[in-house]
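Chains here go by letter, A, B, C, D, E and F, matching the order in which they are written, and residues are numbered from 1 within each.
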Amino acid sequence: MPQYDLPLAELQRYRSSATPPADLDAFWTRTLDAAREVASPPKVQPVDSGLSVVEVSDVTLSGFDGEPVKAWYRRPAGVTGDLPVVVRYQGYTGGRGLPHQVGPYPLAGYAVLEVDSRGQGTGYGWVGDTPDPHGHGPSYLGGFMTRGLLDPEEYYYRRLITDAVLAVDAAQQLPGVDPSQVVVAGISQGGGIALAVSALRDDLAGVMADVPFLSDFPRAVVTATAGPYPEIAAYLASHRDHVDRVFATLAYVDAAVLVTRSTAPALFSVALMDNVCPPSTVYAAYNAYAGDKQLRSYPFNDHEGGQFHQEAEQLAWLRQLLHP
Amino acid sequence: MPQYDLPLAELQRYRSSATPPADLDAFWTRTLDAAREVASPPKVQPVDSGLSVVEVSDVTLSGFDGEPVKAWYRRPAGVTGDLPVVVRYQGYTGGRGLPHQVGPYPLAGYAVLEVDSRGQGTGYGWVGDTPDPHGHGPSYLGGFMTRGLLDPEEYYYRRLITDAVLAVDAAQQLPGVDPSQVVVAGISQGGGIALAVSALRDDLAGVMADVPFLSDFPRAVVTATAGPYPEIAAYLASHRDHVDRVFATLAYVDAAVLVTRSTAPALFSVALMDNVCPPSTVYAAYNAYAGDKQLRSYPFNDHEGGQFHQEAEQLAWLRQLLHP
Amino acid sequence: MPQYDLPLAELQRYRSSATPPADLDAFWTRTLDAAREVASPPKVQPVDSGLSVVEVSDVTLSGFDGEPVKAWYRRPAGVTGDLPVVVRYQGYTGGRGLPHQVGPYPLAGYAVLEVDSRGQGTGYGWVGDTPDPHGHGPSYLGGFMTRGLLDPEEYYYRRLITDAVLAVDAAQQLPGVDPSQVVVAGISQGGGIALAVSALRDDLAGVMADVPFLSDFPRAVVTATAGPYPEIAAYLASHRDHVDRVFATLAYVDAAVLVTRSTAPALFSVALMDNVCPPSTVYAAYNAYAGDKQLRSYPFNDHEGGQFHQEAEQLAWLRQLLHP
Amino acid sequence: MPQYDLPLAELQRYRSSATPPADLDAFWTRTLDAAREVASPPKVQPVDSGLSVVEVSDVTLSGFDGEPVKAWYRRPAGVTGDLPVVVRYQGYTGGRGLPHQVGPYPLAGYAVLEVDSRGQGTGYGWVGDTPDPHGHGPSYLGGFMTRGLLDPEEYYYRRLITDAVLAVDAAQQLPGVDPSQVVVAGISQGGGIALAVSALRDDLAGVMADVPFLSDFPRAVVTATAGPYPEIAAYLASHRDHVDRVFATLAYVDAAVLVTRSTAPALFSVALMDNVCPPSTVYAAYNAYAGDKQLRSYPFNDHEGGQFHQEAEQLAWLRQLLHP
Amino acid sequence: MPQYDLPLAELQRYRSSATPPADLDAFWTRTLDAAREVASPPKVQPVDSGLSVVEVSDVTLSGFDGEPVKAWYRRPAGVTGDLPVVVRYQGYTGGRGLPHQVGPYPLAGYAVLEVDSRGQGTGYGWVGDTPDPHGHGPSYLGGFMTRGLLDPEEYYYRRLITDAVLAVDAAQQLPGVDPSQVVVAGISQGGGIALAVSALRDDLAGVMADVPFLSDFPRAVVTATAGPYPEIAAYLASHRDHVDRVFATLAYVDAAVLVTRSTAPALFSVALMDNVCPPSTVYAAYNAYAGDKQLRSYPFNDHEGGQFHQEAEQLAWLRQLLHP
Amino acid sequence: MPQYDLPLAELQRYRSSATPPADLDAFWTRTLDAAREVASPPKVQPVDSGLSVVEVSDVTLSGFDGEPVKAWYRRPAGVTGDLPVVVRYQGYTGGRGLPHQVGPYPLAGYAVLEVDSRGQGTGYGWVGDTPDPHGHGPSYLGGFMTRGLLDPEEYYYRRLITDAVLAVDAAQQLPGVDPSQVVVAGISQGGGIALAVSALRDDLAGVMADVPFLSDFPRAVVTATAGPYPEIAAYLASHRDHVDRVFATLAYVDAAVLVTRSTAPALFSVALMDNVCPPSTVYAAYNAYAGDKQLRSYPFNDHEGGQFHQEAEQLAWLRQLLHP
C-alpha cells in the first residue's frame, strides 16, 4: 500500500471542513446530565483470571440511561496504595476480552479499567459482554456506524461516548484509584472515543489516541477504503436522500469538532499508509486539539499503526506524566 | 465458480442433521398468539408512485409485539374485484424499496403486499422504512444473523418470522383481496421466510421459495463462502464457547426443520453453483417439505439463481394455481 | 471506494481533450443515409408475456445495413391513443431481456421500445436476440470495445449507434406512438448511445443519460479501473503500435465529441465514486452538451449510480416534458 | 493452490461423459472437404525479423471457407534440405506474435509453422493478424467460447479447427519441408487444437499437447475456476434454456471425444494444480487417445504446466521421433 | 471459509504418508551432539522493559554450531524461588518482539524463555534480533521454507530446530528455573518446533502445540492455500526435477514423523477451517504423538485457532501439570 | 489499471530526492577492487542444450569475494570470429534458466552471457544455480530486498552488483568475444543492475534498461503497490526504528544516484501503468543518466512493459551500435 493521502506538508496544516452544530455543548451537557442522574456506583467483583501477578475484577458501571456497561478492573497484584488509572476503550467490533487478556499498562504499575463497547464484542477474538438495548431503523448490514444515524439523539455513538465519559466517573470511584490521575486511551475507535471524552471532561490527566477513528467525517467517508467509515458511504449509496441529515448527526460525535474543547495533555499516533483512518483525518483531530499535544508518525504502516513501538512510547510518556 | 457441493444424486436424497427442538410448536404458538393479541388492522394510505398502471398504497401492519411493519400494497390500476395476493418478503439487507419499484406479480394481475424487513433496508438500493426497536448483546459486526443468537426468545429471526406470519393476517384484511388465495414468496432470505411462514399457517394457497436462505444451519455455516451464513461462523470464531447455544437457537427458525409441517403447494428453485445458499441446504428444505412441491434447478448459476427465467416459471405456475 | 477522480470544482469545468475528426458529420451522414436506404418498416408481433397490465410486442427493426435488430415494444394495456415513447438502449453486455422484464416507463403510461444490442445479450440475466453478422480482426478477448477498432468504418460502435438512430425511425412508425414525442434513454452504454443519438437527430423530445459510457476516451482509457474501458487499454498493451489509429477511430463515436451537436433537453446523472465511467468523463459529456441540460449527482455511488432514486427523478422530469 | 481435482488413482482411469454425435465423422468430412475445395496454395514472403540464425517468412494459407490465415514459417538459416516441420497452434487470446518471437523448435533444427488464431491475437503480447470474418449471435462478453455456440455449423471452433487441419496441408506444400514428417503441437488451446487435428488426419508423425484445452466440456465447465471454460458457464448462467443445445454443439469439437480416432504417437503433459484445464479433463483426453502415448505430469503447477522443462522433454522426444 | 478438509471421522483416524528416513535418529543425534559440543552457557542481561510486575532479561544462548540466539527471559517480579519455565517458539516470520511484549505465562507465575527465530523477525510487529549466518542456493522469493531444501544437512529447519532444542538446555541453566519442569510451547511454526523438540528430548514436563506447522509435508504442500507451505509448492513449480530430493529433506523435520518418539504430556489445538495448517496435517501429528495427549478443537476458526480461549485452556492445563 | 503516477509533463522533469552518500565512489572502488583481487578467469564448459543453431556453454565466473556465479554463454553455431557480447541480468526471483531458454540476442548474431542472480532462481520458471553463501539478520519473509539492509557492507545488492560488474570482466575474457563491444542489459531488476554496472565501468559499448528496478528508493517505497519495493515498506512497518539506516544503505545501490556517473549510450523503456517500478522512478534514473540516452514509453502497459516490441526496438538499436 502506498502513501496515498495528502503530502506531509499539507497534512501538517490540514483542517477538517466539518461544521460544529450550534447546540453542540448543550447537547452533550444535557446527555451527560441525564445519564449521571440515573447512575449508580460501580459494582466490583474479583475473578480468577488464572493470573497471579495481576488482580482482575469484573466491573459493572452505569452508562447511557443508567444501563449496565461491563469492564475489567486490573491492578498489579499486592499493591495497596492508590494508583493512577488508565481508562481504555476498544477498537471497532472488539470487546473487553477475557479476564486474562492483559495489555501493558497494568504490568507497568497502573490501574486499568478496560471498558466494553455496548453491542460490540466479536472482533479479532476480543469478546464482549455488554448489550445495547436500543433498536434502530434501517441500517447498513446492521453495522454500528449507521444505527440511528438520522438523529443525533438516537445515534449509537451518543450512547457509546456517554458510556465512555461515565466510565471515568466509575474509575474515579474504584477502590485503589487516585481520582486526580485518570488517563483515557484507545486505538482506532478507542482513540476516537478517548478524544471525545477529553472534550467532555476537564479533569483528565492525559489522553492517548492511536490512529483515532471518528474524526473528520466529511473527508473520512470519501477517502477511507477499508474499515467502518465505508459503512456510512454504503448507507448513503442506498439512502441517497439522507446525506444532509447524516452529516448533521455525525458532527455531534466528530472528534475533529469536539477536541477544540480539550485541555489535557495528549499523545497521538498516526500511520501514513492507513486505509481505515486516513492520515488526513487523524491530522484533522491533532491540528484542532486545544491542549498540549505530541504526535508520533509511522510512515510505513497501515492501520496497525505503531503497535508495540507505540506502546513503548506510551509507557515512557506515562512515566513522565503520572506519579504512581 | 465450479459446482462445489455434493453430486446431484446425493443432493436429491440429502437430509439436514438439524434437530427439531422439543418445544418447537409450543414456541411458535405462544409467539404468534402473543403478537396477534396486540395486533391492530393494517393502515392503508394511497401514495403517488409516479406510475399509472399500478396503484400503490403505503401499509402499516402489526408485527411482533404489535410493532409497526411497513409494506407496499400494489394492485393493477382500475381493477375493482377481489384478487389473489402475493405476500413477498425481502432478501438479506434489502427493504421494500420505493413506491415505484414494482416486480412482475402486480403486472400479471395479482395484488401484492411487499413487506419490509425490520432494521434492514440498505442493500442493493432496496431501501426500507421499518425499525427494529430491540437491542441485543454482542454481535458480529452488528450483522442481523447474530442478534440475540444465544436465546430463541431474543433472536432477531423470531421477530422477523412473526412479522411475516402476521403480514399474511394483514394481507387477508386488505381491501380487494381474496383471503383464501394468499401465496407467500421470496428470494434468498425472503424464500427462507416464506418457507417458515408456510409451516406456521395452514391457510396458504401456495409458496414460492427461490434459492432459500435460513435452511439447514449445521451444514450451511460450515459450507457457505459468501453472504450471511458466514456471520454465524465469524461469531463462533470469537465466541468459541457458544456453539451449542447458537445451534439450539437456530433450530427454531431453520426452514429445513420447520417445513415438515407445511401443507401448501410449493415451487422451489435452486442454483448449483450457489455460494451463499449452498445447494445442499436448499435440497435439505425441499426434501423435507411436506406439501406438494416442484423444484427448478439452475446448474450454472450462483446465488442470482434463475432470475427472470424463474419469474417466468412462477407466472406460469401462479396462473395454474390461482383464479384472479 | 473513495472519490478518486478530480475535485468537484474541477469536474464542473472539465473538458475532454478528444479531437473531433474533420469529417465527423460527413461520416455519420453517409453512414445513416446508407442504412436508411435499405431499411424496411418495423415488424410488430404481439407476444404473451404473462403480464396483463402491459402489452408486449416483439419488434424487428432495420439497423445498420438493413440488418434486423430485435426490440420489445411495450404499452400500458388497454390504452388506445398515441403515446409518447421512450426508446431505451442497453448497458454493456446486456440485451432486451425476456418479454416480462418491464422497467418503470411503461408503468408510468408511456410507450417504450427496448432495443437489443447486436451481438451482446448475456450479461446480468439480460438476454439478447440480435446477431452481429460482422467479423473482425484480432481483438481483446473478443470484447466488443476492440472489434474493428482500427478503422471507423469497421468499428462495432458505428453499427450499434446506427441501429440506435434507426430504432428512433422505427419507434416513430409504431402503432400508437406520437412521433413528435420521442425520448431516448439508457444507463452506462445505453446512456452513451442515447447521447450519440441526440447528436445525430434533431427531432427528439428529450434525452436521459445515466452514468454514460462512450465518453471522453482519452481520459477514460487511462482512468477507469473496471468495466469495458480497460478493454481498450488491454488491446493497446499488446498492440503498442496502434495507439494513434485507435484514438482516431474512437473520436467518431465519443459522446463528449458528438454532443456539441445536440439540441434536445437532457437529464444526466453522475456517480462520484464510479470506477467504470469515471465522473470526469461524464462531466466531459455534460459540460459539452449543447442543449438544455440538468445533472443529478450521486456522491457515494459507484457505477450503479442513482438507481431507483434516479428513476423517480426521471418519472418527474418526463411528466413535465411530455404530454401523454 | 492445492491439488483440488480427483485423486491420482481416479484420474488415471477417468473417462469423460461427453457423448459423440451420431454424425461426428460426417460433419468433419463435409467441413474439411468444403474448405479444401476452395483452398489455394500457401503464399510465402520472406521478412526481415532482425535475426540472423533463423529465417522467417510470412505465410498466408487457406483456412475455413478459403479464408486467409496468417502464419510464420521459420527455419534454421542456411539449411537447404527438407526438414521435418512442427505445426504449432496458439493459446487462447494469443496470435502468432512478431517475426522474431521464436520458440525452441526452429533452434533445434526443425522447420516450424506458427499458425495464427482467427480473431484472437491480443493476449500476453502475442499479437495476431488474422481476422475472423464471421459475425455471431449474442455471446458472453464477446468471448470466443460462445460465438455461434448454439449450432455446430456456426461455432467458432469449427472454423478454428478447420484452419488448423488445413495448416498441415499448407505446411506439406512449403518449400524445404518433408511432408511425411509433420508434428502438430500446442499449449492449452493450442494443445486442444493439436489433438483435434490428430483425430482428423492420418498422416501425422507426432502430436504434442500440453495442458490441453477443449477437452471434456461436461466436466470442464463445472470444474474450471479460471480461463475460458467459465465463459460457457457464464453464458448458460444467462441463457438458462440453452443448456442442451450448447453441449450438443460442444461435442463436435471436444478433444476427449475426437481422439478415439487418433493414430499418431503423442506426448501429453498435465499439471495437477491446473485451474484452467482441470487435470481430469486432460486425463479424459489422454485416456481416450487411441494412438501410442506418453504423459508427463507436473504435480505442483497450475496452468503454466511444465514450461521449459516440458520443452526439454519435447526436444528429446522429437529427436527420437524425427529424422532431420 | 468453509470446513474444506476431511470429515471429522476421517480426521480422527488420519495418518500421514510421510516416510521416516532410515537415519533419522542418527541424523539428529549427530546434529545435536555437534551443537552441544561448541555451546557455552547462556548470557543473561537485565533490561528496563518499562514494566514493573515482570522482570525481563536479554538472553544470548548457543544454538546451531554455537551460533548466538537471542531470547527474552521473563519472570514475575520479586519472586525468588525456582520456577517452572515455559520455553516458547515463534510463529513464521515473527521474532521475540520488544521487551515489554509479554504473553500470559509469566503473568500466571511461570518463568518464560521467549526464543527468537534466526533470520526471521519482521512479521506482525514481532521483531527479531537473531541473524542466520548461513547462505543458501536458489530459493523461492527467499522464503525460509526453501533455504537449503535440497539437503537435510543444509536445510534451514535443521538449524532452527537445533536452536530450539538447545534453548531448553539454556533454560535449564537460567537462574531461578526448576530444570525438571520445562514446558515447550508455540503456535503454528512455534507449535511445530515444540513438537520436534518433544521428540528430541526426554526430559520435558509438557508440550503445548497450537495449530502446529511443519507437519505432514506430503499432504500439507498439496492442501494448504495460505501461509508458508505453498512456498514449497512454488519452489517445486519451478524446480520440477527436485521433487524427490525435497520430500526426502522434509522428512527429517516433519513433526508427524518425529513425534512417534515423544513422551511428554501434550496439549494440542486444531482449527477446522485452517487454511495455513490444514486440520488433517494437525491430526497427522496428534494421531502419531506417542505421549499422553489432549486436543482442543475449534470448528469455526481459521489459522488464528483458539487464541485467548486456548490460552485459558493452557493456563488451566499448566496449573494441573506444574508445581510452581 | 489506470495511469496513476505523475502527469507526463511532471515525469519528464522529475528528479529523485535520494542523497548520494559522501563515500559512494570510495565504497564501490573498494568493493570491486577486493573482488577483482581474488577473481579467477571464467570456466567454460560446452553443454548439449538440445539446440543446433545456438551453441551453449556453462560458465562459472568469479563474483563478490571470488564466489562462483553461474552463467550461460551462447553464440550462433558455427560462427568463428569475435562477436560483440550482451551481458544480461535477471529479473527479481529469476535465474539463468535452462540451457535452451534462449532470448533474441544470440539469434541476432551476438554473443550473450546470461548471468545468474545469487540466491534467486525460482521465479516464473527461470531456475537458477548460484548460491548466496551469506546469511543475514532478521528480514521480511526472507525477501532479498531486506537482507543485510542495515549496513551497506552487508547488503545483498552490494554482492549482486559486484557479481554483475565482474560478469563483464568475465565476458571480456570469453573465447570469441570482442571485449570492446560489451552491452549490458536487463529487465526490471536486470535493468537496475545494468544501470548500476554502467555507472561502475567506463568501457561499455551500450546499456539497455527496461522498466528498471532499484531506482529512486525514497519514492519507490511509498509508491509501488506490487513487486519487491513493498518488501522494504513491510520491513519498516515492523522495524519502525530503522528508517534512517535503511535509506542510508539503499542510497549506495540506487540507480538514480549512480547513473550520474554513467557514460555509455543507453536505451531505456518505461511503462506508464507500471505498479512494480512506478514510472516516476524510471524517469528518475533516465533524467539523471549522464550518457547519451533514448527512452521508449509504453503508455498502456503495467510492468510487462514493451515486451516483444521493445525487443524489436533493441535489435534495431544494437544493429546501429555494434559491428558484429
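Convention: a residue touches a chain if its C-beta (ideal position, glycine included) is under 8 Å from a C-beta of that chain, and two chains touch if they have at least 3 such contacts.
These numbers were taken from a predicted model, which means no experiment stands behind them.
Any chain touching chain A that also touches chain E appears here: B, F. Seen from the Cα centre of chain E, the chain whose own Cα centre is farthest off is C. Summary of the copy comparison: rotating chain C onto chain F for the best CA superposition needs 120 degrees, to the nearest 5.
Interface comparison, E-F versus D-F: the higher number of contacting C-beta pairs is recorded for E-F. By residue number, over half of the touching pairs seen at A-E are also found at B-C, the match among C-F, A-C or B-C.
A straight line joining the Cα centres of chain D and chain E is 50 Å long. Distance between chain centres (mean CA atoms), chain C to chain D: 39 Å. Per-chain CA centroids place chain B at a distance of 63 Å from chain F.
Under the contact definition stated at the top, the residues of chain C that touch 2 or more other chains are 125, 234, 237, 304, 309. Chain pairs that touch one another are A-B, A-C, A-E, A-F, B-C, B-D, B-E, C-D, C-F, D-E, D-F, E-F. Looking at the complex, you find that chain C touches chain B at residues 50-54, 76-77, 97-98, 100-102, 104, 106-109, 125, 304, 307-309, 311-312, 315-316, 319.
Chain E contributes residues 1-3, 272-273, 298-302, 304, 306, 309 to its touches with chain B in the complex.
Across the complex, chain A meets chain C through its residues 221-225, 230, 233-234, 236-237, 240-241, 243. Contact residues of chain C toward chain D in the complex are 93, 95, 119-144, 146-147, 234-235, 237-239.
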